[in-house]
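Here is the structure we will look at, set down as structure tokens.
Should a chain be cited, it is by its letter among A, B, C and D, assigned in written order, with residues numbered from 1 in that chain.
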Amino acid sequence: MRKINEECGVFGIFAPEKTDVAHLTYYGLFALQHRGQESAGIVVNDDGVFRVHKDDGLVNDIFTPRIMETLGEGNMAVGHVRYGTTGSKGVVNAQPIVVRHIKGTMALAHNGNLINSYELREALEEQGSIFHTTSDTEVISYMITKERINACSIEEAIGRAVKKIKGAYSLIVMSPQKMIAVRDPNGFHPLCYGQRADGAYVIASETCALDSVGAKFIRDVLPGEMVVFTKSGVLSVKDNCDTAKPSMCIFEYIYFARPDSMIDGYSVHEARRKAGEFLAEEYKVDADIVIGVPDSGIDAALGYAKRSGIPYGVGLIKNKYIGRTFIAPGQKSRENLVRIKLNAVPSSVKGKRVIMVDDSIVRGTTSGPIVKLLRDAGATEVHMMVASPPFLNPCYYGTDVDSKENLIACKHTVKEIADIIGVDSLGYLNPKYLPYLAGDGTKGFCTACFDGKYPTEVPAQIRKDKFEQKITGKE
Amino acid sequence: MRKINEECGVFGIFAPEKTDVAHLTYYGLFALQHRGQESAGIVVNDDGVFRVHKDDGLVNDIFTPRIMETLGEGNMAVGHVRYGTTGSKGVVNAQPIVVRHIKGTMALAHNGNLINSYELREALEEQGSIFHTTSDTEVISYMITKERINACSIEEAIGRAVKKIKGAYSLIVMSPQKMIAVRDPNGFHPLCYGQRADGAYVIASETCALDSVGAKFIRDVLPGEMVVFTKSGVLSVKDNCDTAKPSMCIFEYIYFARPDSMIDGYSVHEARRKAGEFLAEEYKVDADIVIGVPDSGIDAALGYAKRSGIPYGVGLIKNKYIGRTFIAPGQKSRENLVRIKLNAVPSSVKGKRVIMVDDSIVRGTTSGPIVKLLRDAGATEVHMMVASPPFLNPCYYGTDVDSKENLIACKHTVKEIADIIGVDSLGYLNPKYLPYLAGDGTKGFCTACFDGKYPTEVPAQIRKDKFEQKITGKE
Amino acid sequence: MRKINEECGVFGIFAPEKTDVAHLTYYGLFALQHRGQESAGIVVNDDGVFRVHKDDGLVNDIFTPRIMETLGEGNMAVGHVRYGTTGSKGVVNAQPIVVRHIKGTMALAHNGNLINSYELREALEEQGSIFHTTSDTEVISYMITKERINACSIEEAIGRAVKKIKGAYSLIVMSPQKMIAVRDPNGFHPLCYGQRADGAYVIASETCALDSVGAKFIRDVLPGEMVVFTKSGVLSVKDNCDTAKPSMCIFEYIYFARPDSMIDGYSVHEARRKAGEFLAEEYKVDADIVIGVPDSGIDAALGYAKRSGIPYGVGLIKNKYIGRTFIAPGQKSRENLVRIKLNAVPSSVKGKRVIMVDDSIVRGTTSGPIVKLLRDAGATEVHMMVASPPFLNPCYYGTDVDSKENLIACKHTVKEIADIIGVDSLGYLNPKYLPYLAGDGTKGFCTACFDGKYPTEVPAQIRKDKFEQKITGKE
Amino acid sequence: MRKINEECGVFGIFAPEKTDVAHLTYYGLFALQHRGQESAGIVVNDDGVFRVHKDDGLVNDIFTPRIMETLGEGNMAVGHVRYGTTGSKGVVNAQPIVVRHIKGTMALAHNGNLINSYELREALEEQGSIFHTTSDTEVISYMITKERINACSIEEAIGRAVKKIKGAYSLIVMSPQKMIAVRDPNGFHPLCYGQRADGAYVIASETCALDSVGAKFIRDVLPGEMVVFTKSGVLSVKDNCDTAKPSMCIFEYIYFARPDSMIDGYSVHEARRKAGEFLAEEYKVDADIVIGVPDSGIDAALGYAKRSGIPYGVGLIKNKYIGRTFIAPGQKSRENLVRIKLNAVPSSVKGKRVIMVDDSIVRGTTSGPIVKLLRDAGATEVHMMVASPPFLNPCYYGTDVDSKENLIACKHTVKEIADIIGVDSLGYLNPKYLPYLAGDGTKGFCTACFDGKYPTEVPAQIRKDKFEQKITGKE
């Protein structure tokens, strides 16, 4: 059976009184749409009555006016956008999960990936537990419920449960009366909260979602911390803090998060810009123009241009009516889609030596057609700068890096890749710069996909499964 | 929290080899559509891989060609159509339920209602079980799973589990290798099986579904029996038979089942026809024409006409593009809909004394407008004959009889009802005839909705809940 | 180019003041849905502003609450349901047609078929007219507009135009201020009007639509008559009356219209019942039960039973969630659909000699499978009685009788047909009885599809086209 | 009656043999989606048989795989995307228009606006012509058809017709055998053609659509030119060239066209960049960063940064899941949408003096909220540079500039606007630079929306209507 790896976005709102929490959650999820486009869900808590709607698709398509009306008003709501890989589609895995139990109904929205979910699940099943989904979120909900029976409060139950789960989790739990935000001790994925002028607390994967609902950023949830929002106030539980090395996913800065977000105090935009500067420092190329591959190569291109002194220009235009290649499951051919997605700006590149900056190379299948666009438009040379190191290892913490046999860097040297893509030269970001993208190099990051240094143990079983899933593509 | 009372239809197919089980299940569910129009689902078992699709709506709308394609072929499939009362809508409660467990995935389709689900659920939750739905089917799936851990086979687990659940259940369980049909010891609801020319076994709530897929009826599943379909053959387990008094729901014959179905050996059409004959015996009315209210009053009208000697005629035409009032949740006003649903045939009723036969009177809100249609079309007298006794008691076994305060017979005498409806006379079927509708009067039936004689104990809790649910309409 | 033959339904309402004419038209069209299920449209006239919505599909699916809201209120509305043959699908041919012209906007809804539309169209095109559709309605709208230029009123223009068009038309025209109903001099298709308690006049193809909106029938529009509804009152123009022999389509009585409708003073239900009686008179069969094929064989079966003295019974049940075979374009196999559409009632037919009555036999492809259902359910003999004569000729007046090479009666003797269908005996209605189905035999009918006696000239061109269209199926 | 002002996109393909012209047209329209998002249509010409599909919505939503399949293959196709103002919605006005006539079926796709359509329409209606739509395209189709009767070819008819129509038109006409592209003598809107490697000719509003289907640009259609594509080759008719002053809409360069397009030989991207440079020349501001408002302010911001020497940065991020404000009809509040559409990048603007560049200011309602975003993110000063002059006059040639009473520049001085928007300073592009955006200042442009110098006469009627339409918003 295949485990689902998800990069997702979570959002929660805890309002002092009944208000349009569903609409605010809608806007929050819309701001987090880049974190998952496969399915979305909103659960409204109207004085203990939970109303839920989840479906496959984009926020904007799922939450029609009629659906929003049925969700109605409430004092709390939690939402989720999910990115699933091919094969795992289906509304059954959509989140938030709502579970009903004698101690009270509970809704969970989760971003991350557990590394001990197999054992937890096995143990639970041996006790007679049944599972409706293949997601970690259901495992977590069981763990909490098991503890809930003898715990005096939901937060106590969560506190006990999270000590048993291992891996990456940025979690929002909504009970009839409370909302709880929890982040794993490594702090793999972001989670922050803020407050609106009307007093409502807002929890979200990224600050851009706070901004979208007019909430003022208060602070990031700390690695290992649990923050409890109740009518009486906000409570921080730090039992689980400092039990692991901080390991924020560096790929959040490189690609996943929105550039207008601040994560753990550092600007995503700035991190990308710095990547461009580091590239310019390492690779000196004689060229006429620096361009970025929209959207996520733009920031690094600006950094490269600034540091190198070569003028920045707009060389590629993206059709604004298309989505994001990397993230949409089920596309047949990346190559065929490039031409309808991107187009060169002839006046920018004709007769020029072009430096093209992109955020990363995964399979290497899109870069070639883009380079061809530039050459067809008259570029005399194309040099490619990649604002991240080569992908070499799988991720076990919730980001769906492609499988080894698909990763071009696992099979080819940089020189070979340059030839495959058809560029005159190719430069990857030197891994040594990664710690300096956000901060002064002292902050810990998870850079395992680049260097294989996993911040946690990874059980043999999950390594094997991860491998097999990629090989077989079977459930 | 509100329990959902469901009258549903179940269908299963066990084929000797991979074939289009999804399409056959589609046709089977289409034949059972009258048993539930709120949601439907099909689970295909393709050599142990379960593919599922469930949604709100009618079979015909849910299972588009694209969806059918994704379901694909398999060697087994199980399907379900569900009727839920207002408020319980939502695909989350759609069936079949698919549960994943270390001992194997399992799909369940259930028709009926447990009377001890509260206690079972409470006990399960105290052990840390969580529930995604409010349906009994999830309780049953837990019960089976709990037993499964120590049982040597799925059928053994089911056998143990059903001894702990009480109430009404016609159940189909599909495991990776087997299909199991179970019926409660009272045999409240129908369940039968047959075989197609290609060897495939077909299990269904009613014989009409066997007919629709070209399966030849073999026999009814006995009250309390478990029938296990495996590659090696068909096995009957009768441990639980004869542990309770046979109590087939009489309302299946009166209204719920399709007239072309045979239930426990008796024709539904014939039962209705007999009801009409008994009415004619008891109520002699001087009239010119006997008409039936389409669709379910037609059979009894024919019986009345035959016994009374008054000619049968077509006095009311139903717009064939509309659904079935009693069963569709969410309609605003039954009265307003009558005129667009039914129309009188002036040439049949003008200047005539009309005997109008209907299957039952629930709230009494539709009968009045129908009588008005007849009078407007020129009927000089309208006498109403009702092919069932007055509804006086709630049902705890899965048929959604309205609440007492809505049941017109709980609040008014027959004379008063006649006045409210606006008929010249009104006759209900005498309860004494009920045992003779299907059989010679010796077979046991559940007639509790009419006479309050419940064939099982009914815990105080469920009585209270049933009452409250109707009063408050809240979950 | 293929001409579209349509059997359609038209509906119009002229209210004394602004009201919910859109909803009333919705209900009217819903009552006329049997006359056309391919597309539907409503045009609301809100003080001279026309709002229109047309689409492919059923009334109930097309006119969602949101659409109804956009249509809004008005003082007039006209609606249309259309039945198109395969290949002519597409909203472009949906009606009513709205045409904009300097003399005022105009909406037209038309039921029927012109026989001189080719020549009219050719002449118009030679003058530079362009056509957006392939329908007669656009030809008629041009003819009216051409006259409108020099006419002092819309009714004068219509009056002149209809003298130039030949064939079958039951037409409703809505101008900014008036509503006009016109019927061709032969009166091929029905058209009637009535009035609601609020004073609104209602025009419709059949009386059942008047009933559905609570309008009291006033009278049929006479063959050749034009009825003009204005603020000042109702005006009848009879210039064109008595210019042709009354030729009401007999097939309206036999199959097309709803049994609860009265057409030109005669009951549709009664006409069908009489057909059954005439059959019983001509064909004496020794049998145990008379059954009707739902829905349109029921009435005649009752007539046959009454006259023959053989008891009437319910032998076939139709799945109420399916539509009407004859009328739905695009179905792949009539045979395959029979079993999911119909089922036998075993208790009615087992061991019995059955007389099965149906309204007509077209291709003869459905009757065989139905007979098989009965035999499989245990019928010892099956005799078929058909409540109309054999179809032998094409219809040029708007009813889509199948092509000669598909009509079973054109290729086989009655004996052969009986063998093909698999019945013990087969009887068709003797054509001599047709004039007596509605009235005393003195009223004129168009019976051309049975006897080839066309009440108008039929140009060679249209005969040829009709033929070719059937052969080639090409546009 | 209201005239519809449309800015639209047209696309046509003429292939040497039967191929997937529908898919190519789909991609072409997708590339032109920015020119109109209200409705779209494709007409496939399969050896003289025209198959059409048009609907409201985006290309991607309308043309589902099922629809594409029904369109099938052909040797020619023409497509259209339409932008309609509020109130004119509805598929009835969707293009291409298909008209049927004795001389052959014809499909038309039109971008532009006639200034004499009222008189033409009036004259046509007086001759008995009827109109189904309110669009100019139907008028044009009539004009062509009228000429067609006595013309020896479709191109001759078009040639004659276009001499009678006045105003802006970039037109593609498809007949059974030919495809004809025509541009008005002023050349208001762009139209060009190219060729694919397989020999197929492609005509499109912008070069970006040629690129999207892999067609190599050949040349722009000249103002007044008609280009006829036939099996025998490509024919240019220049009768109508040089009959008017070249007057390419300057707003195509400033906002409407895609930056990767070349129009009449000049790069759209470059034109915008130049606008930024001219702004920098005229307005010297002491600032720390230059940012662009996405998407259309980016190019000018780069120009401003380059010329001024102030560094360019990314200060605003647009949610990529939202559409384009200016163009989408029916939005309730531009202000409310800004925050969910745009967000500031705090690391870029915090503590900085920001120069914000946008393409234009229409109502001035969006700029204020954007400035607020920047200030909330910590910008100490915000100076706004607008890459076009103030809008002061209506457009009669097909671009929907807002009405005078809505145009902020008609009601306020620049100083007042700066205060309303809340910026520290505000600079508009000096109109004197407009001729230098594309070319050396010698090429003629229509700049009427800025300076009121209309290149053609504008009849009083159309001035009045244009005015009234804006005031009343009524049809």
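Heads up, the rule we're going with is that contacts are C-beta pairs under 8 Å (C-beta built on N, C-alpha and C of every residue); 3 or more make two chains touch, one makes a residue touch a chain.
Here the structure is a predicted model, which means the values were calculated and not measured.
**Q** Based on which chains touch which, give the shortest step count from chain B to chain D.
**A** Graph distance in the chain contact network comes out at 2.
**Q** For the chain pairs A-D and A-B, which is connected through the larger number of C-beta pairs in contact?
**A** Spelling it out, more C-beta pairs touch across A-D than across the other pair.
**Q** For B-C, which listed pair, A-D, C-D or A-B, repeats its interface with over half of the contact pairs the same?
**A** Selected from A-D, C-D or A-B as the counterpart of B-C: A-D.
**Q** Could you work out how far the Cα centre of chain A sits from that of chain C, in whole Å?
**A** Between these chains, centre-to-centre, one finds 60 Å.
**Q** So the centre of each chain is just the mean of its C-alpha atoms; given that, what is the distance between chain A and chain B in Å?
**A** One centre to the other, that is 47 Å.
**Q** Which integer distance in Å separates the CA centroid of chain A from that of chain D?
**A** About 37 Å separates the centre of chain A from that of chain D.
**Q** What are the residues of chain A that contact at least two other chains?
**A** none
**Q** For this structure, give each pair of chains that are touching.
**A** So, checking each combination of chains, I get A-B, A-D, B-C, C-D as the touching pairs.
**Q** For the complex, which residues does chain D have touching chain A?
**A** 27, 30-31, 33-34, 58-60, 208, 211-212, 214, 258-260, 262, 267, 269-270, 295, 298-299, 302, 306, 311-314, 317, 319-324, 339-340, 343-348
**Q** Which residues of chain D touch chain C in the complex?
**A** By the definition above, chain D touches chain C via 1, 49, 52, 90-92, 97-103, 121-122, 125-134, 141-142, 145-146, 148-149, 475.
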